[in-house]
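In the part that follows, the structures are each spelled out as structure tokens.
One chain, subunit A, appears in both complexes that follow, with subunit B as partner in the first and subunit C in the second.
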Partner chain A sequence: MKMYQLGVLSFFCFIALSQSERLHEQIYSSIEGGAACFRRLNGTHQAGCSSTDKGAVGPVLMIKEINDALWLTQNGTAGPYIAVVSTALFHDIIEEFMNNPTNVAGILVYEDAYQITSAFTHDSKCPNEYSSGPGSTCSSSEPEGFVWNEKGTDLMRRDIPFPMFFLPESRIEEIKKIEECYQRYNLDRNAHSGKPLCSVQLHSFMFAAVDTVVCLRRSASSAILTPTKVCDPLGDQNVYYPLFSRAKENKEAKRPVILVTARIDTASLFDGISPGAASSVVGMVTLLNTAEVLRSMIPMSKTYGTNVIFTLLNGEAFDYIGSQKVAYDISRGAWPPIMPLSPTDIPLHIELGQIGGALLSHRDEESWPLYAFTPNLSNNVDKVSEFVNALSSDLKQYNMSLVMTATDNIPPSSLHSFRRILKNVTESGSLTEILIADHNAQFTNMFYNSALDDYTKIGFDYHNITVGSDGIFLQNDEILAKGIMNATEIQVKISRLATSLARTLYKKITDEEYTGANQASAHLVDEMMYCFLRSQMCRLLLAADYGNSGGTENLPQKPTPLYVGVSAYSLTAPVFAGHMLALFTGMHFPELNRTTCDRIDKSEFSYLYLKGWNNTGVCIQTTMNFSQAISPAFVERDYDYASGFYSTWTESVWQTMWARVFVAASGNGALAAFIAGAVATAIAAFLTFWIQRNAQRIFINAPTGSLVSTDATTGILRTVNC
Partner chain B sequence: MDLTRLPNDKKLQLCRWYFKVGCLFLPFVWAVNAVWFFKEAFMKPPYDEQKQIKKYVMMSGVGALAWGVALAAWVAVFQLQRVSWGEAGDSLSFIVPLGRA
Partner chain C sequence: MTLAEFFSCSLLAFGAPLAMFAMTIANDPVRIIIMIAAAFCWLLSFLLSSLVWYAVVPLRSYLAFGMVFAVIFQEAFRYGMYRLLRKTEAGLKEISENHEIGSNKLEMAYVSGLGFGVMSGAFALVNVLADSVGPGTLGLRNGTEYFFVTSAAMTLCMILLNTFWSVIFFSGCDENNYYKIGWVIFSHFLVSSLSFLNRQELYAVTILLSYIVLIITAVQAYRCAGGTSKSFIESFTVRS
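And now, the complex of A and B:
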């Protein structure tokens, strides 16, 4: 072949290849920025969504009102359909789809700022119902029963028969694209069959199935062809910070410890979107600020008879993973790892529960109604009311209220784990438990553990006040006097709650009233909330990052993800919270460099080398540490996963998640092509037969008879066979 | 190999040999034997070794059939019952399916 021929040939090959690439792009338009619903499993069930391994395909149906959903399930002719529905309408139509899923291929849920979503929560009506302590009356199965989370759809714990994707407000242009395509092809509903239709394909194939027992077994088995891991246990790290170092205490006579806890994590049905503003962030930020201000109130030179351990629990959304592990370890004498506590060493446990749900409805006033729940025990009423009264009267000066409820029906919180696992001490009353929440009979947060529980749901406005290189934050008096913030803002309210709690704890520790002027700073609250709820690219995390890590420019400008994730991978939220605690409560040694800092080995402290306020690196001596937050079910040998005593949640493995929109042909074309092919084959076969029959008439010197019957061929065949 | 060109004693030897090899849990060899020697055993005019060949062909055929039935039954039972066997079902599987029971 001549050179120019080769050139022409390769040119045409190139054209053909690049054309096919573009053809693919012309057919499909990818839907970017979606978050898929995925599968989790517990000891007895699978929950969440999965598509088939090819993805779910169906024509689009925009659900604008409830009747559209009814039409889809009952009259749709070209189904199964992909329903595209806004979060505002989602709660009204989801039960219809769950009950009649045959005509539903999948759901694309989008957030639309122009439609008000009144509720969006996919946790149970009774969150963590099956891990509740004795005396809980919340029942999600009784139709008229008492429930905490009235709007809960329980989708996070149900097996959803179709895939679902969520598109946040920032990706609204994708919905516009789908809507445009829908208007063009699918608008005439009664003429759907046999027409090309605007379709969506959702791909979120999950590897695990059935339950935790099966998926862990399949992950562990060493099959030759499929050594695939199909699921991982949920879990991460708890953060704990003893106010005073406990390492050198007398083992026989340990100081009693007040446990102050809050949860780090939240959850949502969709992968990667779990802001948790009212579900967990307000509680966590309050705890961090309480620790910071209490540390500044207490002179470290003196020794006191009581210690405080501030603990942030992780995985609480999934049957209290973190608190079950802590309570389990305390019962075995294994927590904290240094100088473990025994159950009798803890006289008081205070949990900052779900606070923040009532903030938005009280955004125009200074008040913030808080409630203290405590188990109904006769022998420690004095102890509880003494504490609650002290806190309540301190809050009163800020126009905030705290009402005590003595009941065994405690809202979802780590108290349930302590009441189940450390039964002896909680029932005898030697361990007094108090839960602080801002709801009473029902959740005030309508977005509990959901993708929409973001900063707007608590009315958080970031003020972006400069922090000096010394890390000094403006005091509340100054902030209010200068009018930087006003007293109705949530930053001020949270800082005041932290101050009051710190003062009350101060009194418990020192037996004296606090007379100093130290207060939690609304400025610091502002910064912390911004880091957790708006952007990880924030001042506090820049200062609290590891000193040896590269530029912090790589921190994403997204809220900190607060889903607990799988225990095999450590996520950022507990590290952020722990480092903030260290930064604000630890001793700073700016003169020490990294190598010296890493080399210090004292049993009572840990040393962290963080970036610090002026970004030059600072060595911090702290009592803060991390402990494992993984369910005891995965720790205990031969645990019966179906027993339901400990959390058994695992998360399925998946390979890819994607969604795309395209116009699907009606199928007539494919049918015509098939028929044409079949006819052509038949004609060719007949023609061949006829030509062979009449070969002697057509060709001159054609051989006679069949091809294989000649002597030569038989000879060849014979040799091959023998 | 062309059986028609083989002397009768060699045919018998070959048929017996195939039958014996099939006894080593190789039902497919039995099946081949049964098909291959079917004409020799039942359709050719009688000769001395034919009776024995007939015997081996019958035994091979019945054996292969029994194997076939047993295998088909096992496949059916396994496919229908694997899920309900739970752990045993997974251990018996060479490829464990993803995303379903």
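And now, the complex of A and C:
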């Protein structure tokens, strides 16, 4: 019987639940596709946003002009409000909200194609200011001081007292939904109190708080049987590719190595949206193409006295995680793992820094002004100017310019890590450092490390030229002659920069001018940029995917996420970049199948089994490899997190992030229900009481019971206890 | 704000039945048993009607179809409850320590009716109450913020109606008076159909008409139980 009842009950509960879901849907409408601002922590502070455990709730206020924001913070009566603001206006109002946060419950930022956003960058005015090398004069705290990223709001490094969500352009219909609800309920601002109001709830509760020290301690201590983790260190993998295999070199007399670096990662305030076109992708693509074309220029049969290691650094947006690890490992003699370098083995370090910011403003001309920064050292001026002059004169044939600046105030780049950690060699001048960027005094990129730094900001148009199953790309001469692209397009410019850099490196390695015809291909640049900036479902990544992975459908049609992420999970960006390097620079052995490819002795080269151009699988012999990109702070024992020497960034753990819109009650319904309920209950109580007490007098015609029991029978029964 | 809504609506829907329960039923174990049995009977009737609704796939989306069967099954189970009570009346009376039980034949009808009503009310309102906790209320697509209070008021109406319907129904069965039974079934259909007006957001009309039906039914139930207007007025005069 009990089971039966239970069954009935659960059946009804099911019905009740499904009905309640329907009512729930009537009340709430979820805001899909939003990216939340989340919390990161460093050795001394917390940064970013968090909602409360239940989410931040507040009536909507659409911010159409700056006055709306002022009204919200100063005169709003029904607050705290959720401000809905476009990216175009965001920079003008955010300081007002940060300074007067009491009436702000949260912010929903949306991208609107019809409003031009002139700047959107939430990194510091001096990115990675506190990890800068000696001689940096950039100071974000001095009001009139010199800064690199003038529009930077520094929100990524400040503790924001309210949650924030970002809605990309593709989700504009969600904003229309909110706007419609806002027009119906919230338009009359002065009559907000005591009315039902269109409201939004933002939920992005962060588990970690205070700073990295506290959150790591909390993560380590766990309640019985329930391990809790509240934050993870940031980190991923660096990619490096020595031009010649270094495994069989003489330990005592290693060949000197030219280090060519670029960064993989970018960042943004919002989770999952970090396109990084001008911040990092152009530099990374230039490096990949330089490696590809240099490899094709150099005859592998000969041996040369100099080697080149192309390195892609990860986590550079967060106090140079990748380059700090590389420099730290070099100083300990631990990088690369095979045949480690010592600091004196590196005569030259060239960083392809932030290039791409000036591309959009030069989209109608062939020129592209580039700048070479180098530390101000008297004893290696010759070395630097020799290299810069060689590169500059090569670029001149393409109408591009390279201007050298010798200064200790170097833009944010991995040079800072080398200058701090490998101080001996950088100061003595045995390690010469050059940074190539396309800005001079200030960033030309107004979207540095932000969600809006996408392909449109560098003027990238994808040409979608077919690639044959042999993996041969069209040469620049052919592309330009046939008019497939014109010389002002960024693909051509990037390929020319890569060609010039490769020729200059060729000269450094061989001591001869390059006389061949090999050039980097704008066609290849086109494909690479498409993979990183538009869709991972692209020709290159399909060819560079692991040969044993399943179908090709598993790659999402989104830009490759370039945020470094937490070190516990390996993300796709370094793997993509590394595989592309292997694919273009490695030896292909199509005749080997997977098992034999896996079984080859790996002491000198590593072997990767990739899909290849015709998707049948190809075994690739390569010197490309990955190394850990995690801050030395988490490697070194008993590191003092407050010392600020190494990057200490960690990312908070969260459970869910969601946002929804609904109408919040004014309370009139509740009041009506209370009054009616009290009256009804009082009347019912009185009537019941009165009628029961006077039942005999009221029910004078009462029908009597059909069975009249006698006292005798009741007496008998009452002796029985039952 | 929204927690207030939850408690206010609960008070409106269940305050009056709770007062009636506390004063007339709670002090007698036999009455409690009968009330629980009646509530269980209502559950069974709803189970059956939901099975019918579930089985007839093509008509599932038509609420009217489900409603018709729900009313029919409820009334059938009310009759079943009547048969059961009349059969067990003597036994119940014997084990009861309360000698006054059964002094009015329709007392059991009132108790079982309240059990029926409370259970139907609980079912009608629980899921609505769950959403009244907030933070949102109706209004984004359609509806107003008064949806919750009207739901609670309708629930109260149905609880009281079920109580009075049982009294009239039992009385009708005892006297073989088919008009009384007819009125119960007719008014049950009427009130249930009225709730379809809620779709047009005519909450005020629904509530007003339903409460008119409630008053008529209450008066009728009062008469069935043997009360007259004269006796009611006299009860307020000083006892002789």
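Following the convention adopted for this analysis, the second predicted complex is superposed on the first by the 649 of 722 C-alpha atoms of A that agree within 3 Å, B and C clash if a C-alpha of one lies under 4 Å from a C-alpha of the other, contacts with A are read in each partner's own complex, and residues count from 1 in each chain.
In the analysis below, a residue touches a chain if its C-beta (ideal position, glycine included) is under 8 Å from a C-beta of that chain, and two chains touch if they have at least 3 such contacts.
Owing to the predicted nature of the structure, the values given are computational and were not obtained by experimental measurement.
By the document's definition of touching, of the two partners only subunit B reaches A:50; subunit C does not. Once the two complexes are laid over each other on the shared chain, residue contacts for A:280 go to neither subunit B nor subunit C.
Judged by the touch definition given at the top, the superposed model places A:230 against subunit B, while subunit C stays out of reach. Of the two partner chains, subunit C is the only one that A:24 touches; subunit B does not reach it.
For subunit A, the partner with contacts to more residues, out of subunit B and subunit C, is C.
Once chain A of one complex is fitted onto chain A of the other, the partner contacts of A:218 are limited to subunit B, with no touch recorded for subunit C. In the overlay built on the shared chain, the residue A:450 is in contact with neither subunit B nor subunit C. When the two structures are aligned on the shared chain, A:206 is found in touch with subunit B, with no touch to subunit C.
Within subunit A, the residues touching subunit B in one complex and subunit C in the other are 718, 722. Of all residues in subunit C, those touching subunit A in their complex are 1-2, 4-5, 7-13, 15-20, 23-24, 40, 43-44, 46-47, 50, 86, 89-90, 93-95, 97, 99, 102-106, 123, 126-128, 130-131, 134-149, 152-153, 156, 171, 174, 225-228, 231-232, 234-235, 239. For subunit A in complex with subunit C, the touching residues are 5, 8, 11-12, 15-17, 19-20, 23-24, 26-29, 57, 181, 185, 196, 198-199, 201, 660-674, 676-678, 680-681, 683-685, 688-692, 694-695, 697-707, 709, 713-714, 717-718, 722. Only residues 1-2, 86-87, 90-91, 93-96, 98-101 of subunit B touch subunit A when the two sit together in their complex.
Interface residues of subunit A facing subunit B in the complex, by the touch rule stated above, are 50, 52-53, 205-210, 214, 217-218, 221, 223-226, 228, 230, 718, 721-722.
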